[in-house]
Structure formats: C-alpha cells, structure tokens
C-alpha cells in the first residue's frame, strides 16, 4: 500500500542529494496523506544511493508504524508534531545545509535583506528559542516540534515555509515533500546570500516593508502574477 | 515566426543553469530583434529543464504579446524599458546570483579593486537608488527599469554592461542574449573576487585610474588588442 | 597477500577525491589488520587516478615494509604511532581540506556550535600544541603522532574521532579506513559550518552541555537510537 | 613543427578549465623549448572548448611569431620576459582565480600560515609593487614581467614558483606548462585556506621558520623524501 506516497517521498529525499544539501546519511523528507492519516518518511541512517522506494517507513499521525521494516528517521516525532499542528502543510524537509545551519548555530533569524527572500516569506526567517534541559532529556524530538509551533504562535506557516531550530538547523515545509525540499533549497540560497551580504556590509539594513509586501504578493496569494495561471 | 530569435533566447537561458547562476525557476534572459521591433523572453515560473524554444514569449516593445501562449517573465516590463532607452543593447540577462545579489543587498556598488573588473567596465559597477513606495506599488517592474536608466544618466551602457538594483539583484546586457549572460557570468566572478578581497583586507583601495583605463581599452574600443581581429 | 586490506585502503583513498577533500597527490588513508599486525597505506606522491590496489604499501607496526615496491606515504610514522597508542582504531585518514585546515592554521579548536558537531563528538574538536624545533628536526612525523597522543591524555579517541595538528591540518580515524574518511568528511562539514557561523556572529556561543550529550548519545553508545539496529 | 610542444601547451591550458581556475576565455599557459629558443602559448580570446593543439601560437624569445595564424595571448610579453630572465623555468600559467586574485587585489602577500604553503614555497607568496603610470602606458605587459623580476631580486624562482601582481592576479611557473598549472592549482588552494584562516582568526600568525624549512625540504631539494625516488 501507499506505493505512490512512498515513491514521491523517496524522490523528494533524493533531491536533497542532487542539490548538495546533504552528505552521507544526513537529512530527511516526509509527506503526509491527509485522507489516510499517514505519513511516509526516510528510514534512519540509510545511505541515499542504497535507498529504495519500499524502504520508506509509513506511520500514522500518532507515530504507530503502519508499513516498512526499517526504523523511521530519528526526527520522526518532530515531523509528526508539525503535521498535527499545521494542518495546511503536506510535506516536511530537514537538512544540515551549510548556510541555514550556520544561522541556526549563530542563534540569529535570517534578516530580510533583499527581494530573493521577500519572494520566499514576508519577513525574517524565524528561529526558535533554545530547548531547556528538561525538554531535551524528556522527549527531545517532540520538543523540537513543539518549540517550532511555539515560535509560530503569531506566524502563518502558509506564509513562512521554514523555521530555524536554535543550535540545530532548518526545517522547511510545503504542499508536498517535493515542495518542502524546494523550500529548503530556497532557504539555503537565501541564507548564503545573507551571510555574504553581512560579510560585505555588517550594517546592511532590512528591506522596506512596502518592497517585501510587493514581492511576496507578486508570487503568493490572490493577486500573484508570477508563473503560469494554469499551474496555480 | 521568430524561430531563430526564440532558439537563441532559449539557449541563452540554459546558459544561466550551466554556469550555476540560477536555481529552480529563477532568472530570465531576453533578446531584441530591432528590425522587427520585437523581443523574445523566458516564460514566467517555468522550469529550465522543461522549457522548449517554442515556449519563449514574443512581445513588441510596448509589451503587446505577439507570439506564444505562456505568460512572459514577470520582469518583462523592466527588460522592455531598457530596450527602449538603451538603443545600443541587444540582449538582457537577470539572475539572483549569490555574490552580485549580495552587493545589491548590501546597498553598495562593486568597487574596481583589480584588472578583472577593469576588463569588464571602466570603474565601479553602478547600483541604483532604492525604489520609493509609490514606484513599488504603482508599476513596480517598469519603475525598476526607470531607476536603472536614471542611474545611467552620466554613464554609457555600452561601457558599463550591468547595473545592480538596490535590495534586489543584477541586470546585465550585451549585443545579444548570449553576450548578456556572459556579462552576468563576469559580473558574478568580479563580485565574488571583490567580496573575498574585502574579507582579506577591508581597507583595500580601488585601482589607479590609469590602470583601469589601460585594461578597459585593451579589451574594448578602437585600440583594443585582446582577442582575434576577425572576431571583432 | 593482504589483497582485501589493500583493496579497501585503495577504495578509501579514492573517496578522498570523490568528496573533494584532496587535490593532486595530497592526503592519505591507511587501515590496520590487528590480527596480522600490519597496516596498508597509500604510496607517497602518487596521483589518485593512476593508483592501483596493488600499489598500496604494507608495513608492520614498527614501520618495516612487508609488501609493495613503492615508498609509503611520508606521513606513515604518524599513522603507525596512532595505531600503536590507540588500540581501538582501525583506520586513519589525513587531508589538507580547506576548512579543517583553516582552523588548524588559525591555531583554534573547533568550538561545538551546533548539533551537527555534537553528533560527531561530545565537545570541541581538539587541536595539538605546536611542535618544538627539536621535535621537528629530529623525527618530525613520529613527533606529529606523539603530539596528537599527548593531546588525547584526557580524551577518548573512541569519542573524538579526529584531531587538528596545529599549523598543519586534520587527522581522522574510525573502525576502518572508510570510516576514517567518512569522519574526515564530517569534520570538514562541521569546520565549514563553524567558520560561516563565526562570520555571521563572531560572538556565537557553544551549545549547552545537555544538548551536546543528548545528540552524541543519540548516535553513539549503548542508548543510541539513530540508524538501523541490524547495522550496529 | 613543434607538434609536441603545441600539444603539451594545449593540454596544460585545458587543465585550467578542468580545475575551475578560468571562465570564458580567461587565463593562459605557455611552455618554452629552450633548445629551439621558442615558446608556444594560448591564442588570445579563444574559447577553451573550441581550441585545438594547432591553434597554439609559437614565438621566439624576442616575440617574433614563428608559427600559427592566430594572435598570441595579450599577456605574451610578460611570459617572454620571465623566460628570458628566469632560465630555470620551463612553463608559465596565468589565471584570475578567485582567492589568489583576491590577495593580489588586497595588495597583500599570502602569509605562510601552515604546512600546505610550506610544501609549496619557503615563506610568504610574494607580491609585486603597483605599476607606475608610465610603466602602464608605455609597454604594459613587458612592465608586468619586469616588476615580477624586480620582486625576485632576492628570491629564487626555483623555490618560489609563483608571484602575485598587485591589483591584477597570479602568475605561476614550473619545469613545464603542466607543472606551472599544477603550481597555480596549489597557489589557489593555499590562497583559499589563508583567506578562511584570516576570517576565523584575523590575528593568525605565520608558521615558525623551523617548520617551514622542514616541510619545504621534505618535498624539494637534495634531502627531499616525499614521493617516489624513480619519479625524481
């Protein structure tokens, strides 16, 4: 069962390799089937070039394994919590890509320094607070999901398709696993540009709100005019 | 009609991918046919590996669509304004490449720190002022073209084949779409060198005017002696 | 004799090229056969694309050449000393990769700024003291091994799979030559992230000890739950 | 005539592309045949993928074209002066590679921060003074050669296989065109490591003279023991 779902998740995981976002067994992508109430996710610690579609692990939203003999990604509890709390998302991608992870390690949100980022989200890329000792020792991966949700109390996950986890790295999401990976690629590009911008000019300032709004609405929402109508 | 023009523009767009200047559907290249008074440009939001020559959109210089069923690039109005105001140019390329975009986001022109840049243009790579709120909300893409033209009031677009748009990214041009892409590649190389130079020595100074002039005139203009005579 | 050992060492050396850790004839990987009391190591100054499995040099742990007509790597005495002093290691890899070498040249350990590093080792990546003139002129490569062992007086080489040699570069180890190379790849990734983190935020702080412990123990030791059980 | 020489120079030029040191028509490599008193050099402004061995231009040491219908590299006079003044060198390579050029633009020699550089040359990579206006306007390319030679008044070009030209970029040399390219690759690697080291630790100090000497003599000169004896 869930052949299509597993194949799509497998393909989305391989995109992480193609775009240079992961090395060795790093990173993971999942996708949810809202009707069936299950997700498929990469197995833990398996090399990308040896992974097959049938190796993807299927679980229900409470974490009970429904299909697959391998252990799911060690970050599964984070994915599940995000699917439960953000009903509008269909896929999640996580990787320790160089520049986005560097901002997470620096403990800084990514300031919106240009229109490339404004095309992606209408402001800085958010970062969570650091987890407490109790959160880390009791249920670490679930706590990671919770701290992301906490950070989004005032933010719309439909507008901000990614969050940095402090001291850890980025999680991105989208309508599908593939769109989640594309958002992770965009995030890494934006993070690289921001790092270079701050190297050139440590005092670089954020874009004016009217220009952020313009670019974001050009690409997203009811007045969007970027792309082809039939693809909307 | 315009098969040759569309094929050339398609090929020039693919060069953006080959040289790593774009990811996903970013960037766009156009070329003008001055005799027929039309341009061909990349369609908006279409993936490079799925794009065919016949997908290129043909418009007249006032922006009326002459051929093609897809929507043209969302930056089309910027391209058209530059073709109307800079009669010496034949092609335009735009991409959010990392280093040139970082200078645009830093709000700084690229200082002429070495002969690599002097081979490209006889001074700093210019940057526009930031667009006003009114310019952004009324006719954003046309205003982007206008602010580039305004920046070139005292500059010759035949000598300076690129401009950074503040907070946005680079536009480059040339005699053809392909030459515009080559100029974008050169610009990205120059921007990367300048960023690294400033990292090593934040107090690095601009090249002496006599050395800038020498290098620029060695490669461009009546006394040029770089390259092969028959290719001039 | 030792065909399997030589083939494994040859393959592990080629991984250095595949992952971009070496150029020209730089770098070297070895593996020990504890039962037979021999190691196989890359020959000195031979190009990777011309190297064959039978070119690997076999020596006993005192450095007597047992097989092979080529000269062993000039760093052989360093490898041998580490095999003699660290009985738990099975393979060693050395390369002048950009970021790890930059920390070695900077004379700084790599601070543990995020969970990517905590997955690798439970603290900063250690760096040796600088060798004295006498150590350099008398028996340089042996002294390099000794100064690493000295740095590990209070550290477990089973927990810290790499060391930076001050002013020189990284040595990494693991259960096999291949695992040593994988640890060198991880080290280079970690070093690159740390360099970028410090560029973005020179005041970035180390991860809390409880989070370092959590990530390290998630991946290593008796309570590890990363990866597949059968692979343990 | 000179088929072998032209083929070797053509191959050495293509190495510049393979190692990512050049884009478009940048860069050039030459080799001298001391017996015949001629050099072969890349033609000016020709694309690497269209260049054939027979396109290489052959000139005598005074610059008289002996073979070939294309114009030689615009930097030919620099190459010729170095061949006349440095009798021990057999090939020269020039490229505007990112990191070495950044040091040239920064107006700084590359400090010897680690053993990777000490393997290459026994001290900082030298940089010329800036050319005067008169030197630039009278005979620019010859003056570039002269200012390199001037910088080497107290240095042995057999020990220091490269020089940065202030505000311009690196020239490297060796026993052949291919060795000159390899030295340019090493120089670029060293320059990248030095830039990263200075980013991490702006106060990083040069290696102790005894360690520089050790590494340089391990690889070069009568007591060298790196590499295979038969290859010496």
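Letters are used for the chains, namely A, B, C and D, taken in the order the chains are written, and counting of residues starts over at 1 for each.
In this section, a contact is a pair of C-beta atoms (placed from the backbone, for glycine too) under 8 Å apart; a residue touches a chain by one contact, two chains touch by 3 or more.
From a predicted model like this one, the values you see are computed outputs, not experimental measurements.
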### Task
Trace the shortest chain of touching neighbours from chain B to chain C and give its length in steps.
2
### Query
Would the interface of chain A with chain B count as same or different, where same needs over half of all numbers used to appear in both copies?
different
## Note on the structure
The distance between the C-alpha centres of chain B and chain D, rounded to whole Å, is 32
### Message
Can you compute the centre-to-centre distance for chain A and chain D, using the mean CA position of each chain? Integer Å is fine.
### Response
46
## Note on the structure
Touching two or more other chains in chain A are residues 199
## Note on the structure
Every touching pair of chains is listed here as A-B, A-C, B-D, C-D
### Query
Which positions of chain D touch chain C when the two form their complex?
19, 113-116, 182, 185-186, 189, 192-194, 196-197, 199-201, 204-205, 207-208, 210-211, 214, 218, 225-229, 231
### Query
What residues on chain B touch chain A, complex-wise?
23-25, 43-46, 70-71, 74, 96, 98-99, 101-108, 130-131, 133, 136-137, 140, 167-169, 195, 198-199
